[in-house]
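In what comes next, chain A is part of two complexes: it sits with chain B in the first one and with chain C in the second one.
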Partner chain A sequence: MAAYIVKRVLQIVLTLFVFLTIVFFLVNAQPGDISRLYALDPNLPPETRAQMQELFGVNEPLWKQYLVHLKNTVTGDLGVSFSLYPRTVADVIKERLPRTLVLFLTATVVSFYLGFGLGKIIAWRRGGWVEYTSTLGGVTLYTVFTPWFGLMMIWLFAFKAGWFPIGKFLDPVVWQDAPSDANSIFNLMLATAVILSVIVFGVFLVTSKRRLGMARVLQVGSIAVSVLIVVGVWLSSGVGYLAWDIVKHMVLPIATLTLISFAGTMLLTRNSMLEVIREDYVLAARAKGLPEKAVRDRHVARNALLPVVTSFVFSLAFAIDGGVIIESIFSWPGMGQTLVAATVSEDLPLAVGTFVFVGLFVLLAHLAADILYAYLDPRVRY
Partner chain B sequence: MVVESAPVSDARSLWRVRLGLAARSLKQNWSLFLGTRIGILGLVIICFYMLLALAHPILMNTVWDERIYDPVIGFAFDETEQPAPPSLSHPLGTDPLGRDILSQLMFSARSEFLLGLLAAVVTVCIGTMVGATAAYFGGLVDMLLMRLADIMIMMPGISILIVLSALMEVGHLELALLIGILSGFGGTGVVLKSQALSVVVKPYIEAARTSGGGTLHIILVHVVPNLLPLSFLYMMFTVTSAIFSEAVLSFLGLLDVRMSWGLMIHTTESAGYLLQVGEYWWLIFPASLSITLLCSSFYLLGRSLDEVVNPRLRRT
Partner chain C sequence: MSNQSTSAPVLRVEDLGMYYGTRSGDVKAVDGVSFAVGRGESVGLVGESGCGKSSIAMTLLKLLPENGRIVGGKILLDGTDLAPLSEDQMRTHRWNRIAMVFQAAMNSFNPVYTVGDQIIEALEVHIETSPDVSMERVRELFELVSLDPGFIGRYPHEYSGGMKQRAGIAMALACEPDLLIADEPTTALDVIVQDRILKELRDVQQALNMSLIYISHDMAVIAEVSHTVGVMYAGRIVEWGETVDIFRNPMHPYTQTLMSAFPSVTGPKHELAMLGGEPPNLLNPPSGCRFHPRCPYATDVCKSAEPPRVEGSDTHWAACWHPLEA
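Then we have the complex of A and B:
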């Protein structure tokens, strides 16, 4: 297992290197150089232009620029943003990366769980109206024009019903005389979420060997208790209302991202289940007289999970893209919204820096999914 | 093995046999396809949009006045207020700039089809060649192509296209090529390679090699045709992603196109009608629904083709 992880990490590092190279040459394939953006100004004297070119290092030979690019990216020096001057790109990213992480991780985990659970059920009831409606609904959600779908969610639940705020990260009125700033509160929330998910994962790990009914009771019970504890701690901390404000802003984007990405998992689980159902050991399990639920969850679903996880790895990039779109629709100040805003305002350093981080993020997500896969399927530990 | 030149009549009958076989398998597959139902729904929607696309130039040349109905530079002089609600002369109303929505919708349908088709063809050309070469040569070539595919799969497509649109002018043609390259070297290439692996071990490949067939000949004549059914399936998924990406990018105002469904919503947004869904529904619903419907119909078609191609998914 350890050797496998080391091998994957090395591969990821290599891929990252190739990725950075591609980014560098994409930017450099443009006519002129980055300094021309300002240096083409006819009012600019030639010596200032030369000075600018020297400042940006674009008068150096290409290979030297490439090495500098690599070094700067690795050390986190991504330049200064044009549109948010004088903030550095790294600073902007440091603020916005956690926001995207929360949005993306929550939506991914929930949509995987939801998709797998629903896919299991529709494969078991093949041919009925349940299958047709859920297939149609799933495909529609999977291919829906995401901006429009996000808009409909805003219009329906925020604009008409008024249950949630319309986009943005927080409500300035609530935060007017807040004891601490949004970023630190948000990081605390992030830490809480991480602790909570570790607990949930541990509970599932411990109870997975028990009988089905017993496992369900244990899982629901311990998760409910830990959620209650977390809520209690936040309520007594005095900044609970601030966290609640952020949570209120989070619900709608997360729900939208979950809805558009669970369908892929659901449809794939269905197909994968249909292939597994034909295996002999399923027949054997039935012949033993096991209850239907046990056959479905323990014998079919467990084996149908593998291809689903594989394709889940491939769909991570899809989820990131979905996140980019959702963020810009909901004005959620994360990486995706930054990427789009920087692109629209031609803030090249910020756009490229964000893009590098989005790529890095996908790579790390891949690594995590690979390790998970190695854990699930002992055969891949080569 | 001695190769004798076959008499002409034999060659002709061979073709007849092949055609007969093809017709029979087509018939069989068609009945399988009919059994999936969702595929038919997809096909009907696609045909509907194809008719819309075909009808646009005809209408422009006969019934519709170019000054009023041009999708880009027309202006509805017959309406007092823009955007005008649906009426007899403008069945879907007009946009904030006084252009007929139905005309825009129909005009864009054509470019969506062209974009999807081009992206799909590029994907399949690259994908089959990548798959066939990787499977046929194996070893280093295989490894290089598959590592490249790993990178391509990991690339978040929309984000790349967003960054690229900042760096250069991206129109329909460039978009189709980019999507084709991303998916051809990426996911489609991997899937086609796994299919090609089962083809290159077949005895007829060995036979072709012993009878002196060149590498290129074997790949093009013996391997690639056997990949075509599967690649046809992946064409459908490429069309979905091409139309979707185009819509998203032009919605964000990053594409260099004259008119498209995404751009129609972009116009609505920049004119400030985006959240007035109830009062100005014709500014948002026709274009958004068209994107969703066309994307999902190609996806449905792909899925039902999947059930036709993959016997393990069939009903017993």
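Then we have the complex of A and C:
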């Protein structure tokens, strides 16, 4: 298992290197150099222009620039943003990456859970209104034009119904005279989410060996208790209303992302289930007198999960693509919006930095999926 | 071999019928089958592919596909009729009372769980035990079928074919069932492993005084494990009797053909018999005796009327208009 992970990590480092190389040369394949942006002013004397070129390092040969770029990236120096001068790219990313991660990880996990659960049900009880409704609805949402759908969600739930804010990350009125700034509150929320997921994962890991009924009770019980504790801590902290404001702003984009993507998982789960149902060990599980639900969840769904996990990784990569659109529509100040803004304002260091982080994120997701897969399928471990 | 008990049979099947509904009509896979299995008795069901052997096994456990349905008859397990039971009621009988070793036992283990866990799973559904007791039981079972207990925590893909088959038998014995159904469990194994496993299966069956229904198309295998043989043809039992009688004096022409289709190592050389024609279409089986289109002795009466049950002895009968003389 350790050898497997080491091998995968080495492969990912190699892939990242290739990715960095491609991004660097793509950017440099564009006409002109970065300094031209500032040096176009005809009033600038040639000495200033040369000074600028030297400052940006573009007077060096390309291969030298490439080495400097690699060295800087590896040491975490991504340069200074042009459009948000004097903030460094690393600083901007540090602020915005968590926002995107929370949005997408939540949406992906929810849509995966929804899709897997629905796919499981419609494969088990084929025919009937549940299958038709969820298949028709799911495929419609999967293929719908995303910007239009996002705007419809805003129009319906934010504008007409008024349940949620129309966009953005927070409501300035609520945050007036707030005792804490948005980033620290958000980081606290992030830490809470991480702790909660670790607890949930741990509970499932510990109880997976228990009897079915008992495991369910333990799982639901301990998760409910930890959720209650978390809610209690936030309520008593005095900044709970600030966190609640951010949560309110997250609901619509997460719901939109979930709705447009769950059908893929659902249909794949359904097909995968229908294949596994024919396996002999499913018949054997029935013959053993296991309850219907145990046959479905422990034997059929457990094996049907394997191809679904693989596709889940690819959907993560696509989620980042979709993020550009969703974040723009909901004015969510995350990586997607930063990428668009940096490109539009020709803020090259920020654009490259964002690219690097999006790529890094996709690679890490692949690694996580590989490890998860090895955990799920004992045949891969050896 | 003849430790057959005289007490009430563990299983009595009466006039059992099971049809598969298809677009072009019902496939009568099991049609009017009656037989009984005594406690500790070993019965072999033999016949060509598609004659309804496996369908009987699945009907006894009521593990039918969506289009399969029991159309009549009784499955009396110790006097309780299983045929009308609901899925929930049936679940308590499965494995606990009737267990099964599958045709493709290689694939009867889920690849993502250890073999030990899958046996414990079967134990825990039916018997309230602690994890330690279950583990101890699995160790016992592994020893019973000559498997290294060190393999309890291993995954199915780490087992060889023969080991998986042994593990399949161990799993079937987990709840000490009254009746074990073995559906061609050794078909995919090489002859040496096959022979060893057959021997062990027979030993275990006798040691536990468990009833066994062994399903095979191979007469030689049946002869090795079974005390009684039922010969099936086109969804029906055409001859029933003790193994010795069936082999020495087959009464039904089909049994005779089936027997002469296998070479004998020690006996005189003879041309292996070939059965002409094709197995009947169970969508629309032949009238009268179902074997008549392929039977060398068939007369007009065979085509029009159901054959009577002719008794050769107390324990030996055949459904035939023209039974062969002993």
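To be clear about the criterion, the second predicted complex is superposed on the first by the 375 of 382 C-alpha atoms of A that agree within 3 Å, B and C clash if a C-alpha of one lies under 4 Å from a C-alpha of the other, contacts with A are read in each partner's own complex, and residues count from 1 in each chain.
Heads up, the rule we're going with is that contacts are C-beta pairs under 8 Å (C-beta built on N, C-alpha and C of every residue); 3 or more make two chains touch, one makes a residue touch a chain.
Computed from a predicted model, the values in this text were never measured in an experiment.
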{"item": "Overlay on chain A: chain C relative to chain B, clash or fit", "value": "fit"}
{"item": "First, second, both or neither for A:V231, with chain B first and chain C second", "value": "neither"}
{"item": "First (chain B), second (chain C), both or neither touched by A:V340", "value": "first"}
{"item": "First, second, both or neither for A:L26, with chain B first and chain C second", "value": "first"}
{"item": "First (chain B), second (chain C), both or neither touched by A:V247", "value": "neither"}
{"item": "Touching partner for A:L283 - first (chain B), second (chain C), both, neither", "value": "second"}
{"item": "Chain B versus chain C as contact partner of A:P291, first or second or both or neither", "value": "second"}
{"item": "Chain A as apex of chain B and chain C, Cα-centre angle in degrees (nearest 10)", "value": "80"}
{"item": "Partner chain(s) touched by A:M152 [first = chain B, second = chain C, both, neither]", "value": "first"}
{"item": "First, second, both or neither for A:R302, with chain B first and chain C second", "value": "second"}
{"item": "First (chain B), second (chain C), both or neither touched by A:D377", "value": "second"}
{"item": "Larger contact residue set on chain A - chain B or chain C", "value": "B"}
{"item": "Closest approach of chain C to chain B (Cα atoms, Å)", "value": "11"}
{"item": "Touch list for chain A against partner chain C, complex", "value": "209, 211, 279-281, 283-292, 294, 298-299, 302-303, 376-379"}
{"item": "Chain A residues within the chain B interface of the complex", "value": "15, 18-19, 22, 26-27, 29-30, 126-127, 132, 135-136, 139-140, 142-148, 151-152, 154-155, 159, 166, 267, 271, 274-275, 278, 314, 316-317, 320-321, 324-325, 328, 336, 339-340, 342-344, 346, 348, 351-352, 355, 358-359, 362-363, 366"}
{"item": "In the complex with chain A, residue positions of chain B that touch it", "value": "37-38, 41, 147, 150-151, 153-160, 162-168, 187, 240, 244, 247-248, 251-254, 265, 274-275, 277, 284, 288, 291-292, 295-296, 299-300, 303, 306, 312-313, 315-316"}
{"item": "Residues of chain C that touch chain A when the two form their complex", "value": "61, 63, 87, 91-96, 99-100, 102, 104, 107-112, 117, 121-122, 124-126, 155, 157, 171"}
